[in-house]
Each structure stands twice: as C-alpha cells, then as structure tokens.
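Next, two complexes with chain A in common: one pairs it with chain B, the other with chain C.
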Partner chain A sequence: MRLVGVSHPIQDARGKATGRARYAADMSLPHMTHVAMVFSTIPHGYVTAVDGSEALAVEGVYGVFHCFNTPEYCFNRYRSQYSQTLPLEEPVFAKRVRFVGDRVAAVAARDMETARRAAALVKVTYEELPCALTFEEALEGVNCLEGEEAVKDEFTVEVGEPPRADGLVEVTACTELGRLHHAAMEPHVCVADYDSDLDELTLYSPNQSVHGVRTVVADMLEMPYNRVRVVKTTMGGSFGSKQEWTVEPVAAAVARRLRRPVKLVYDRAEVMRSIVCRGPMRAEMTMRFHKDGLLASVELELLSDAGAYIANSADYARTLVGKMFRCYRIPYGRAHIRLVSSNTPVSGSFRGWSSPEVALMLEHGMEKAARALDMDPVQLRLKNVLLPGDTDPKSGVPIEEIRTRECLLRGAERFRWAERRREDAAFNASNDRFRRGTAVACAGHGNTYYPRYNDFASAEMRMCEDGSVQVEVSIHDHGCGTGAAFQMIVAEALELPLDKVRLKEADTAHTPFDFGCYASRGIFVVGRAAQLCARSLREEILKAAAHKLETTPDRLYFEGPAVRSEDDPAVSLSYQEVAWYSLGTLCRELTAQAKHTVDSNPGVTGTHFAQVEVDTWTGLTRVLDYLAVHDVGQSINPEMCAAQIQGAAQMGCGAALREEIEISPKGQGTCSLSKYHLMNAADLPLIQVELIQDGRSQDGPYGAKSVGEVSFAPAAPAAAAAVNQALGSDLGRIPMTPDRILEYIAKEGC
Partner chain B sequence: MKLDFFVNDEAVSLETEPQRRLLDLLREDLGLTGTKEGCSEGECGACTVLLDGKAVHSCLTLAAQLQGRHVTTIEGLEKNGELDILQRCFVEEIAIQCGFCTTGMIMSAKALLLQNPNPTPKEIRTALSGNICRCSGYVQIVNAVSRAASEMGGGV
Partner chain C sequence: MSTCYNPKTMDELGQALSQLTGRSLILAGGTDLVLRLRSKHLEPDALLSLSGVPDLQEIEITPERASIGAMSTMARVNQALDGLPDLQALADAAGGVGSPQIRNKGTIGGNAANASAAADLPPVLWLLNAQAEIMGPGGARRTIPVQELPDGHQGNTLAVGEVVVRFVIDRPPLKGWRSAFVKLGHRSQVTISRIGLAAALLQEEDGTVRDARIVAGAIKPVPFPLPAAEDILRGKRPDPALAVELGETFKGNTRRVYKENAAKGVFQDILLRFQ
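Let's turn to the complex of A and B:
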C-alpha cells in the first residue's frame, strides 16, 4: 500500500503548530455574549433563593439565569441516540442540587472577565439535605428522599457453566478505583448562535457526536431537529469527557433566551468539579484456576458509584461485564453489580468505557494467581489468552484473528522479562531504600458497540471538476488524527495523492447521520464506510468512462488515478477527464454514497510491560521502563498509533500511581492541577511501542482494528502490578499514592 | 493604566487594568488566540509565551508587569509564511495530536533552545516538565525538539 501503513502528520498539524487552528474558545461572533456559571457550593439541598441583583448592577451584564426565572429545561447528558429512552434527570439550572458543582445559575455579560466577576456576586441561598459522599453512605441511602431507593440498579449476568472440577486454586482480588479526571487539555466549551428570525440554533463545540447533541438539545428546546445545527469544532482532547453533553444544553438555552450568540467556556476548576469524572468502583473478583494454570471461572462482585446523576452509569456497568470476556478464555463468568448514587461529581464515559477498570480487576487477580500457582505471570497469561478462531462467549461474536499471544512473547523478549525480573530481585536484595518491580498486563476491548446495539455508518463523496474529491462523513477527531486517517483510507482506495482528498468534520447540516466517534468505532466502522464509498465512486468513474469510450465498465480498469482499457493500450483517462465528461455530456456529477452495517467486532488487545522503582522512604514510584505491544490489525497511520499508545501509557501510569479526584468531608472534589498530578515529560521514561499488524480484521478498512481506547486498558494494570511486584504487596486501592504505599510499608514492612 | 509593550516585535499601546492577565490581553484584546488557557494557574503550560526571551505562563503574568517589555507568542514564530524550525519539526516528527498543548510546548522549547542550543533528551524533558501533553507520552515532542536543535546547528 502506498499511504496506509505509512506515517503522516495529522491533517491539521500545521494549524496547530502555528496557533491558527481554531478551537471553539477561539471563536468570536458578532454581538456575542459571554456566559459564566454559578455552581452549587453544597453537596445536596434545595436552592431556596437566587439573588442576582449585585451581579446585574455590574456594567455590561445582560442577565442572570436560574431555576426561578428560566423554563425548567431538563435533559439526559448521556443520551446520544434518538431512540434512547432515558430519564430527563438533569436540569439546566438545578433547584435540587446534588453535588458541589451542580449548575445553579448563569451570568451573561459583554466579555468573559465581566461575566466571571459578576457570577461571583450572585448570592444563592440553600436548604441543605443530608448527603452521601462515600459508598457506605450511599448504600445506606442517607441522601435518599421519600420514595427513592439507595441502590439505583442491580443485576447479575452469568456466562457459561460453573466449573465442576475439584481441587481448583482460588484467589480473590479486592480492587478499589478512585475517581479520575480526563484532563483533556482543552476545557469544555460551547458557542451557541441563535437566529430568532429563522428560529435556527447553531452550536459549535468539541463533542463526540453532533447528532447526539442535536437530539438532546432539540428535544429539550422542543425545536425541529432540522433547525438545530451542531458543528464539531477542533477538539483539544476528550478521552470520553466530551461524549456527554454538559455545556451544550446550557449555551443553547441561554442563547435562545437572549436571542444572540453566547460563548460558554469552563475553566479547569469548573471542568474538574462539574463536568464528569471516571467513577469510583469497589470490586471483589474471585478467580478459580486448574492446577496447571487454566482459568476455570471468574466471579465479580462490583459496587459502582454513579455520582450525582445516573447518566451512563447503568450502561457502563453492563458494558463492563462484556469487557470481562475480551482478553482471556473464561469458561464461566458471573458478575453481580450494584449501582449507587452519591452527592459527588457525575461518573461517566472515560477512555476504554470500563475495559481499563475490569482489566485492573482481572490483572490484579492474575497477579495473585501467578503467586498462588507459583507460575510466571507471562506463562500464566499465555495459557489463558483468547486465540484466533475463538468466540466471545458473552456476545457470541467471533474474535477472528487475535495476537495477544504474540504480543506476550514478543514483549517478554524485547523487555528482557526473565532477566529483568532476576535483576530486580538482585537489586532489591542489595538495596535498603529502593524496590524495583517488573510486571505485565494484558487487556482487550472492542471496535464498535455491536452487537450490544446495531451499528452502521454512512459516507458520501463527490468528485470535483479537476478530479479531486470531497468526502462527507460524520467524523469527530479527538485530536488523534482521525481526519488524516480518513484521508489516507480514501486516497489509498482512489489511488490519489493525499491532498486531492478533502474532508471536513461532523456537521449536522452537511454530513450524514452518525452515532458519533466513541466505542472505538471511528476507523473500524466509519472508516470502513469511507473505504466502501471510495470503491463505489470508482465504479461511477468506470461507468462514465465506459460511456465516453463506448465500451462496458468490465473492459476497463484502474492504473493509479487513471482509467485504462483492456482493449486499447493507448487509452488513459484521468479522473479530471472523466469528471468533465460526466458533467458536460452525461449531465451528472460523479458522486457516491455508501453504508456499512456492522456485523463483526474482532478481538483487539494490548500487552504492556512496566518496570518501576518504589522509594520506600517517600512512597514515590518512578517508572523506569515501559513497553507496549499492540495487536492493531493493519495500522493506518503507525506513528500516530504509537503516539496514542504512549499517551495511554502516560495516562495509565498516572491512574495507577497518582491521579485521583478526592472528595473532602464537605463534598468538594479536587479541582486543581496543582493537586491532581499528571505525568509530565520528566516523569516518564522513553515509552517503547511495538505494533503487531498481521492479526487483521475482516471488516475494518484494510484490516484495521481499534487502538485509542484499548491502549489505555492494560496501562494502569501493568504499572500497578509492578508496584506490587516491587513491594511483594497486594495493594488493590488505585491509585497507589505515596501515602498508601507508606501506609502499607508501615503496616507490613517490605 | 496605559500599557506600552511589544508583542511579536510590534509596538502595542493599550488602556487596560493593571491586574489583567497577559493571557486575556493576548486572546481578547489582540486576537492572538494561538495562546491557550488550560488550567489558569500555571500548572499545564498551555499558555506559555516568551517574556524578554524567557518562558512565562501568560495566565500568571499581569499587565502591570509588561511595561516596555517584549512578548513573543506562537504567532510571532512564523516568518514570511515559513514555519519556525521548531514548528516544522513538531509537524514532521508527528509531535502534534489534539494540539491544545502544542503552542505552549513550542514556546517552552523555544526558550530552552535560546538558553541551551544543544540540549540532551533529559534536559529537554526537564525544560518541558511544566507543559502537560495528555495525548502523548512526550516521545515525539522530545524528538522534535532534539531535531530542531540539531537542524539549527547549535544556533537559534
């Protein structure tokens, strides 16, 4: 292949390097007003009064909006498909506030600085209610009003037959996960433009589903869908945080009320406090093994906290059960899950959508099992990984080609697994202060949400007069170069140079319906539709060329971007010549449409190796070395795959070792990057990546599988296991912060 | 206050409040939106610009500090349509994903190369430790800065 599999800078790299790439916060519209929010300062209670008089007295303030002067607009932040019947649980301006950070009021002013100054002058009076900040308090239902249940959802899923064999070796791993902040560098933002003459609303935001936003906002404002246009803007990272709609409904409501454009930009503290986090989970996983290391069963008892609103948490927990079966052969699996709702930040979508969480639980169990069985952790995994031809026992969908085994073998060799473990042991034996540990973790994910829901994507193309091509697909580039990958896929199929293919991102006014870029479906599903559409366009080109040459399409073939004839070697028609002929003689634009309906979801996994050094005096852990080996199928843009995987390692090491939103006794969550420690360049080693590319998917474009989410799944498990290996510990509370490590050492020694 | 300073070598004169942030002066008053706001407290580095050749957080720099001084933003690097070597190396080394940290990262790298034209990878990592990139593991970023330094041949 000419383009696919060859590394390219992403489509907007130049604009991002010059600062000219336009993010929503950089936009300015005529007569635009700026909105600043007022958030609840208490975890649970009723707003009894909002006094905006001081704010309104500030010069340049246009309005203060809250539950007492605004229609009761309610929505569900998780709704992304018209067919989802989810409760409209979340008001734009809350009367009953459910967490510190719930939206109470909005102040509109001539500029952002004025809006923020005025917002600080809004006085809110509350009647406080009892709040639940912990699992225990939520389970007791201390925050429940009359008629409300403490457990919001409870279900059991069973797959396979319980093992009957005797003498199984049983381990139980207790894993507890703290709240994570996505830390997309671009804070959440929406620019809303309302045309009151046409009753048309246009929303510009970095979101993962323009049609999802449209569904929620149009229904909320009772507007026809075709009068609500949603445009996806350049996205400064999401990691799932822009998969749920939090700023868009507010900006839309205020713009419609003011009948002028508004810009709503959150700052970091507001994003951390109010938008969404990865929710806390408490898991007890019991795994049984035959004496030779073969897995017999996995049983999970899980408690999950949705935070203040249920949002996606019930679905998220169900998805987690499915993800249990995406890496290892599990003959019998059972999960009992309970969901509670506390007065803390809302739990929601996070990169991997429960694959990373269940991987932390499974890999914690695998580490314990390796010790109990006295087996090498790599060997134990080799015995149990899914193999080509296997079927996902939960979904019943074929795993197809899968290369976890090869990832393990290749990684163990490249990371000098056995030798390094011996070196660690020697180092630890001769060192009082520092302890080293090396560990491995595997994890799997999907490429679409099929078969949980039906999945399909559409693409449209038109050929310009000069033979260049415009593509319409609803892609939502998170910043990892989806746009460039699509250009490459289409240019490869049409045998065109990259610059002859142009595509813009999702815009409900122009691009076809799509569910959105999440569930790792961007390349696998939408990319396939684009590839099929390019093939259809080629058929159209052949038909037009055949007409011109007075022959039939089956006598013609492509040689690069030219049509050649089997019957006449002198014939060579360029795309431009065919396009002109089609327009001028056939009176037809060369266009194509294609649809791809998904009926597969192959296995896709990553295997990560980490070596860490724990300072037993300070509790600080340093990552010394890191290798990620990934089964990606055909990589479209290899260096971008590597960069994404390295980013996943960065995020996973942070998640395992330091990142946590903690909740104070007053319900205030961590809301500053000075207290939420992200991994910087000096904190990390040179993260090595290897791509295994021969386990190609049947249906992904050119055999591609997903990479963005799956790469995060094994990262925290590998780093966490390395700490446990270093200390000989069984820490299950994630992150393994210095305090927790020191507490363990004080109690258990090392 | 009346503020006279230089932005990308152009004299700028404006009436403003002394406590306004340089970040807001650039983005709101001068329309230079290449400088980004990521954390508002000097932790993420997205708003990094040069002040008299040294990297500063424009979110922590106030108008009162700027009288007569020279500010360089990302918009000041490109000359006559040609990218600065650092910008070109960031593009070519595939060191750019979501891009929100990129401009601040490039400005920090610029400050580093002004001080130390031949940094080791470790020195690059240390110099960029105030700039958070959430998308990558910094590998391509370090490569881009190394390559820019070597293309400049030790001179900026």
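Let's turn to the complex of A and C:
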C-alpha cells in the first residue's frame, strides 16, 4: 500500500501548531450574545426563587433565564438516536436541583465578562432536601422522594453453564473506582445561531454526534429536524465527555428565546463541576480456576452510581457485562448489577465505555489468581486469552483473528519480563524505602456497538473538474487525526495523491446520516463506508474512461493518478480528462455513494507492561518503564496510532495512581486542576509502543481494527497491578493515591 | 471603572502608592491575582502594576549580601542563585514553583506577599533570615524581617499603599553554611507543596554538623522552625538514615496523618542533598 500504513501529519497539525485552527470558542457571529451559567450550590433541593434583578441592572445584560421564566424544556443528554426511548429526565433549567453544578439559570450579555459578572449577582433561593453523596446513602434512598426507588436498575446476566468440576481455586477481588474527569484540553462550547424569519437553528459545537444533538435539540424545541443544523467543529479532545449533550440544549434554548446568536463557553471549573464524569463503581469479582490455571468462571457483583441523572448509566452497566468477554475465554460468566443515583456529578461516557473498568476488576482478579495458583502472570494469561476462531460467548459474534497471545509473548520478551521481575526482587530486598514492581495487563474492546444495535454508515463522493475529490462522510474527529486517516483511506483506494482528497467534518445539512463517532466505530465502520465509496467512484471513473476510449472498463487500470489501457501503452488519461469528459460529453458528474452495514465485531485487545517504583515513605509512585503492545489489525496512520496509545497509557497511569474527583461532605466535587492531579509528561518514561499488524479484521478498511478506546483499557490495570506487585499488597481502591498507599502501609506493613 | 497605575521609576511608584485605597490591588506576576480577578469578579478601584519599574527586578549578589528585587521572577531567582551554597535553598525553591511558564511570570515578591500557606519561598526566606524592604505612600521605606510579613491568616501585614520592593539577605552570618529546599507534592513537577522543607547546615570538614537550621512550610499558615530536628542533626553526620528519627519531629505539628507519615521521606530527600 502506498499511503495506508505510512505515517502522515494529521490534517490540522499546522493549524493547531500555529494557533490558527478554529475552535467553536474562537467563533464570532454578528450580534452574538455571550451566556454564562448559574449552577446549583446545594446537592439536592428545590429552587424556590430566582432573583435576577441585580444581574439585569448590569449594563449590557440582555436576559436572565431560569425555570420560572422559560418553557419547561427537558431532554435526555444521552440520547443520540431517534429510536432511543429514554426519559426526558433533565431540564435545561432545573427546578429540583440534584447536584452541586446542576444548571439553575443562564445570563446573556454583550460579552463574556459582563455575562459572568452578572451571573454572580443572580440570587437563588433553595429549599433543601436530604442528599445522598455515597453508595451507602444512595442505597438507603435518603435522597428519594415519595414513590422513588433507591435502586434505579437491577439486572443479572448469565452466560454459559456454571462449572461442575471439583477442586477449583477461587479468588475474590474487591475493586472500587473513584470518579474521573476527562480533562480534554478544550472545554465544552456551543455557538447557536437562530434565524427567526426562517425558523432555522444552527448549532456549532465540538460533539461526537451531530445527528444525535440534532435529534435531541429539535425534539426539545419541537422543531422539524431539517430546520436544525448541527455542525461539528474542531475538537480539542473529548474522551467521551462530548458524547452527551449539555451545552447544546442550553445554547439552543437561549438563542431561540433571544432570537440572536449565542455563545456558551464553560471554563475548567464548570466542566469539572457540571458536565460529566466517569462514575464510581464498587465491584466484587469472584473467579474460579482449574489447578492448571484454566479459567472456569467469573462472577461479578457490581454497584454503580449514576450520579444525579441516570443518563447513560443503565446502558453503560449493560455494556460492561459484554466487555467482560472480550479478552479471555470465560466458560461461565455471571453479573449482578445494581444502579443507584446520588446527588453527585452525572456519571457518563468515558473513553473505553466500561472496558477499562471491567479490565481493572478482571486484572485485579488475575493478579490474585496468579499468586493463589503460584503461576507467572504472563503464563496465566497465555492460558486463558481468546484465540483466533473463538466466538464472543455473550454476543455470539466471531472474534476472527486476534493476537493477544502474540502481544503477551512479544511484550514479555521486549520488556525483559522474567529478568526484570528478578531485578525488582533484588532491588526490593536491598532497599528499605523504595519498592519496585513489574506487571502486565490485557484488555479487550469492540470496534462498533454491533450486535447490541444495528450499525451502518454511508459515504458520498464527487470528483471535481480538476480531478480532485470531495468526500461527504459524517466524521467527528476528536483531535486524533480521523480526518487525515480518512484522506489516506480514500486516496489509497483512488490511487490519488493525498492532497487531492478533501473532506469536512460532520454537518447535518451536508453529510449523510450517522450515529456518531463513539464505540470506536470511526475507522472500522465509517472508514469502511468511505473505502467502499472510493472503490465505487473508481468504477465510475473507469466507466467514463472506457466510454471515451471506446473500450470496456475491464481493459483499463490505474497507474499513478491516471487511467491506462491494457491494450495500448500509449493511453494515459488523467482524472481531470476523465472528469471533463464525463461532465461535457456524458452530462454526468462523477459521483458515488456507498453504504456499509456492519455484521462483524472482531476481537481487539491491548497488552500493557508497566514497571513502577513506590516510595513507601511518601506514597508517591513513579512509572519507570512502560510498553504497550497492540493488536490493531492494519494501522492506518502508524505514528498517530502509536501517539493515541501513548496518550492512553498516560491517562491510565493517572487513573490508576492519582486522578479522582472527590466529593466534599457538602457535595462539592473537585473542580480545579490544582487539586485534580493529572499525570503529566514529567512523571512518565517514554511510553514504548509496538503494533502487531497481522491479525487483520475482515471488514475494517484494509484490515484495520479499533485503537482509540482499547488502548486505554489495559493501562490503569497494568499500573495498578505493578503497585500491588511492588508492595505485595492487595489494594483495590483506585486511584492508589499517596495517601491511600501510606494508609495501607501503616495498617498492613510492606 | 478602575484606574491603572503603571509606574516606570521608584519615584513614580511611591507616588502611585499614595493613591491606593483599601479597595486597590497590586499586580506583580499575576499568576495568582489574574485568576482571582476573573473567578471572584473583583472590581478594585485601582490596579497598580509593578512590571514597569526596572529597579524592582534587580538582583545583586555580593559577598556581603544578596539583594533581590521583589519583581524578580522565579526563573531569574533560580538562575542567579543556583550554585551558591548558602543561598542554594532559595534557588531550589524558586526552581520548583509551578511550571516553566509560571516561573517566567511569578515573582518572589508576589509569592511572599500573597502569603499562601503552601508557598515555597517563605520557608526559605525565613531560613535565611531575609529582610523585606517595604515602600509605602510617597516612597517611605521601612524594613522588616520576613517573619513579620505574613499575618497568620494567609494574608500579609502590609498597610494600605505598601508594597515589598526587595529582599535582602545578609551573607556573612551564612559563611560556611550550605542550604537546600525540597518539596513534596502530588507529583514531581507542576505541583503545590504538601510539605516544603528548608534546611541549612554548617558542617565540619569531616561532615559533622556543627549547627543546623530547619524550617518547614505548607503545614501551618506560616512557616515554622523545627528545633527538635536541628538538635538531632547537631554533632552528627547528615546520614540519610537519620530521616526516620527526624520525621518524628513532625508529630504534633500537623493534624494530617499523611503529612506526619510522609515527613521522613522529605527529610531523607533533603539529607541526600548534603552528601
């Protein structure tokens, strides 16, 4: 292949490096109004009055909006498809506030400064209700009003037959996960432009599903879908936080009300306090093994906290059960899950969508099993990983080619597994302060949400008169270069130079319907549609060329960006000539359309190795060395693929060792990066990455599998296991902060 | 609408200070104040910027004294003092504040006058017995020991219209001393101190500690000396193994169990600086 598999800079690298890339927050429209929010300062209660008089007295303030002076606009932040029947549980402006950070009012003013200053002057009166901030309080239902149940959802899933063998070795791993902040560099932003004469609303925002935003906002405002246009803007990271609609409904409601363009930009504190977090989970996982290390059963007892609104949490918990079966052969699996709702930030989509969470539980169990069985952790995994030809027992979908085994073997060799573990032991024996540990973790994910739901994607293309190609696909680049990857996929299929292919991102007015870029389906599903469309455009070019050359398409072939003939070596028609001929003589634009309906979801896994050094005196953990080996099928843009994996390792080390949104006794969540300790580059070694590329998918473009989310799944488990290995401990509370490590050592020694 | 003063000379600064009221603010590097202005929607009646006065940025090191202008950035303080054994602690502390971007903007005067309990420079300024030179309305000067700068409630004792213009450290009393500063945060860089430890040792030729001074920061509202730790060190070599015993001196000084437990780690880190 000419382009695919060769590293190229991403499409907006230059714009981002020079600061000229245009984000939604950089947009400015004539007569634009700036909106600032007023958030609930109490965790649970009723808003009894909103006094905006002082705010309205500030020069340049156009309006103060709240539940007492606006229609009762309600929506579901998680809804992204027309067919999803989810309760409209969340109002644009709450009357019953459910967490510190719930939206109470919005102030519109001539500029951001004025809006924010005025918002601080809005006086809100509350009638407080009892609140639940912990699992225990939520389970007790202290925050339930009459008729409300404490447990919002409860279900059991069983896959396979319970093991009957005697003498199984049983381990139980208790894992508790704290709340995570996505920490995308770009905050949440929406620019809404309402044309009252045409009754048309245009929303610009960095989001993961333009059609999802369109559906939710149009339904909320009772507008026809074709009058609401949503344009995806350049995104500075999402990690799932822009998969749920929080700023868009607000900006849309205010813009329609004011009949002028509106810009809403959250700052870091507001994003942390009000948008969404990865929710807390408490898990007890019991795993049974045969004496030789073969896994017999996995049973999970899980308690999950949806936070203030249910949003996606019921679905999230269901996918978690599915993700349990994406890495190891599990003959019998059972999960009992309960969902509660506390008065804390809303739990929601986070990179990996439960794969990283279930991996933390599974790998914690695997570590305990390796000790109980006295087996090497790599050997124990080798015995149990899914193999080519296996079937996902939960979904029934073939795993196809999978290379977890190769990842383990290659990684163990490159990371000097056995030798390094011996070196750690020697180091620990001669050191009274520092302890080193080396560990491995594997985790799997998907490439689409098929077969939980049907999945498909469409693409359209046209060739311009000069032989260049314009592509219409609904992509939502998160900042990782989806645009460049699609250019490469299309240019490869059309045998065109990269710069001859152009595509813009999703725009409901122009690009085909799409569910959105989540579930790691961007390349695997939408990319496949683009590849098929390019192939079909290629056929159209050949047909037109054949007409001009008075031959049949099968006698023609591509060489460079030209059509050549098998019969006459002198023939060389440029794309431009073919395009002109088609337009001028055939009266037909060279266009193509293609659709790809998904009927596969191959196994895709990552295997990460981490070596850490724990300072047992301060509790600080340093990551000394790190290697991520990934079964990616075919990488489209290898350096970007590796960079995504490196970022995932960084994020995972932070999730395992430091990062947590803590809730104060008054319900205030951590809302500053000075108190939310992101893992930064200074504290990490160079993350080594190795791509295994011979386990190709049948249906992904050029054999590609997903990478964006699966890369994050094994990272925190590897770092966490390395700490437990270093201390000989069984810490299950994630993150393993310095405080928790010292507390553990004070109690248990090391 | 507030007035902005942007003096270019010390004389102009003195005049500008005369105009300030209790509702005025003084802007140094802005790494704290600008954030506070935004988040708290502060509306001072006047803002006095110190950036335009070159004299405030002067650093002068002689064998007699170190004179450091209050507007010297962390980066410049670090650069100017790094490698001077008696003043090394100040270079360490300035070099460990925030990120390179913050160190290029944040100033020694701002760090001390802002009087955050977690600030890194105050414990070192205490350790080195620095004097703060203050200018008041009309250019009147007075000098106080840095120990008198904080008010004990995360604020300072400066009167309306007063500003710290420079810090002066008398060097002859530090002859032969070596100093160091280490901090413990949530990560190795870009982190706010949970413990800051400043130490100065006067050692015999064989390494034995003749005299020691230890000041801790980020534990109480203001830095405090640890005489018990100093006693442990006197007459011994600064063996890293002493860290456990030294860590015990934190007992009773903090209610945070974590800090009490982690103190020995910080002591060992600082002892390693004297090897």
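The rule is short, and it goes like this: the second predicted complex is superposed on the first by the 750 of 750 C-alpha atoms of A that agree within 3 Å, B and C clash if a C-alpha of one lies under 4 Å from a C-alpha of the other, contacts with A are read in each partner's own complex, and residues count from 1 in each chain.
Note that a contact is a pair of C-beta atoms (placed from the backbone, for glycine too) under 8 Å apart; a residue touches a chain by one contact, two chains touch by 3 or more.
Note that the structure is predicted; figures quoted are calculated from it, not measured.
In the superposed pair of complexes, A:A649 makes contact with chain B only, with no contact to chain C.
By the touch criterion defined above, A:S674 reaches both chain B and chain C. When the shared chain is aligned, chain B comes close enough to touch A:R268, but chain C does not. By the touch criterion defined above, A:R658 reaches chain C but does not reach chain B.
Of the two partner chains, chain B is the only one that A:L686 touches; chain C does not reach it.
Taking chain A as the reference chain, the count of touched residues is higher for B when chain B and chain C are set side by side. In the superposition on chain A, A:A184 makes contact with chain B only, not with chain C. Within the superposed three-chain model, A:K16 lies in touch with chain B and out of touch with chain C [touch as defined at top]. By the touch criterion stated above, A:G237 is placed in contact with chain B alone, chain C being left untouched. Once the two complexes are laid over each other on the shared chain, residue contacts for A:G481 go to chain B alone; chain C is not touched.
Residue overlap on chain A between the chain B contacts of one complex and the chain C contacts of the other covers 269, 674, 680, 682-683. Taken in their complex, chain A has these residues touching chain C: 116-117, 120, 269, 433, 615, 617-620, 622, 658, 674, 677, 679-680, 682-683, 737-739, 742-743, 746. Across the complex, chain B meets chain A through its residues 20, 24, 27-28, 31-41, 43-44, 46, 73-75, 77-78, 83, 87-88, 90-92, 94-103, 106, 121, 124-126, 128-142. Per the touch definition, chain C reaches chain A in the complex via residues 38-39, 41, 184, 186-192, 243, 257-258, 261-262, 264-266, 268. The touching residues of chain A, counted against chain B in their complex, run 7-10, 12-23, 25-26, 28, 111-113, 182-187, 234-237, 239, 267-269, 478-481, 639-640, 642-647, 649-651, 672-674, 678, 680-684, 686-687.
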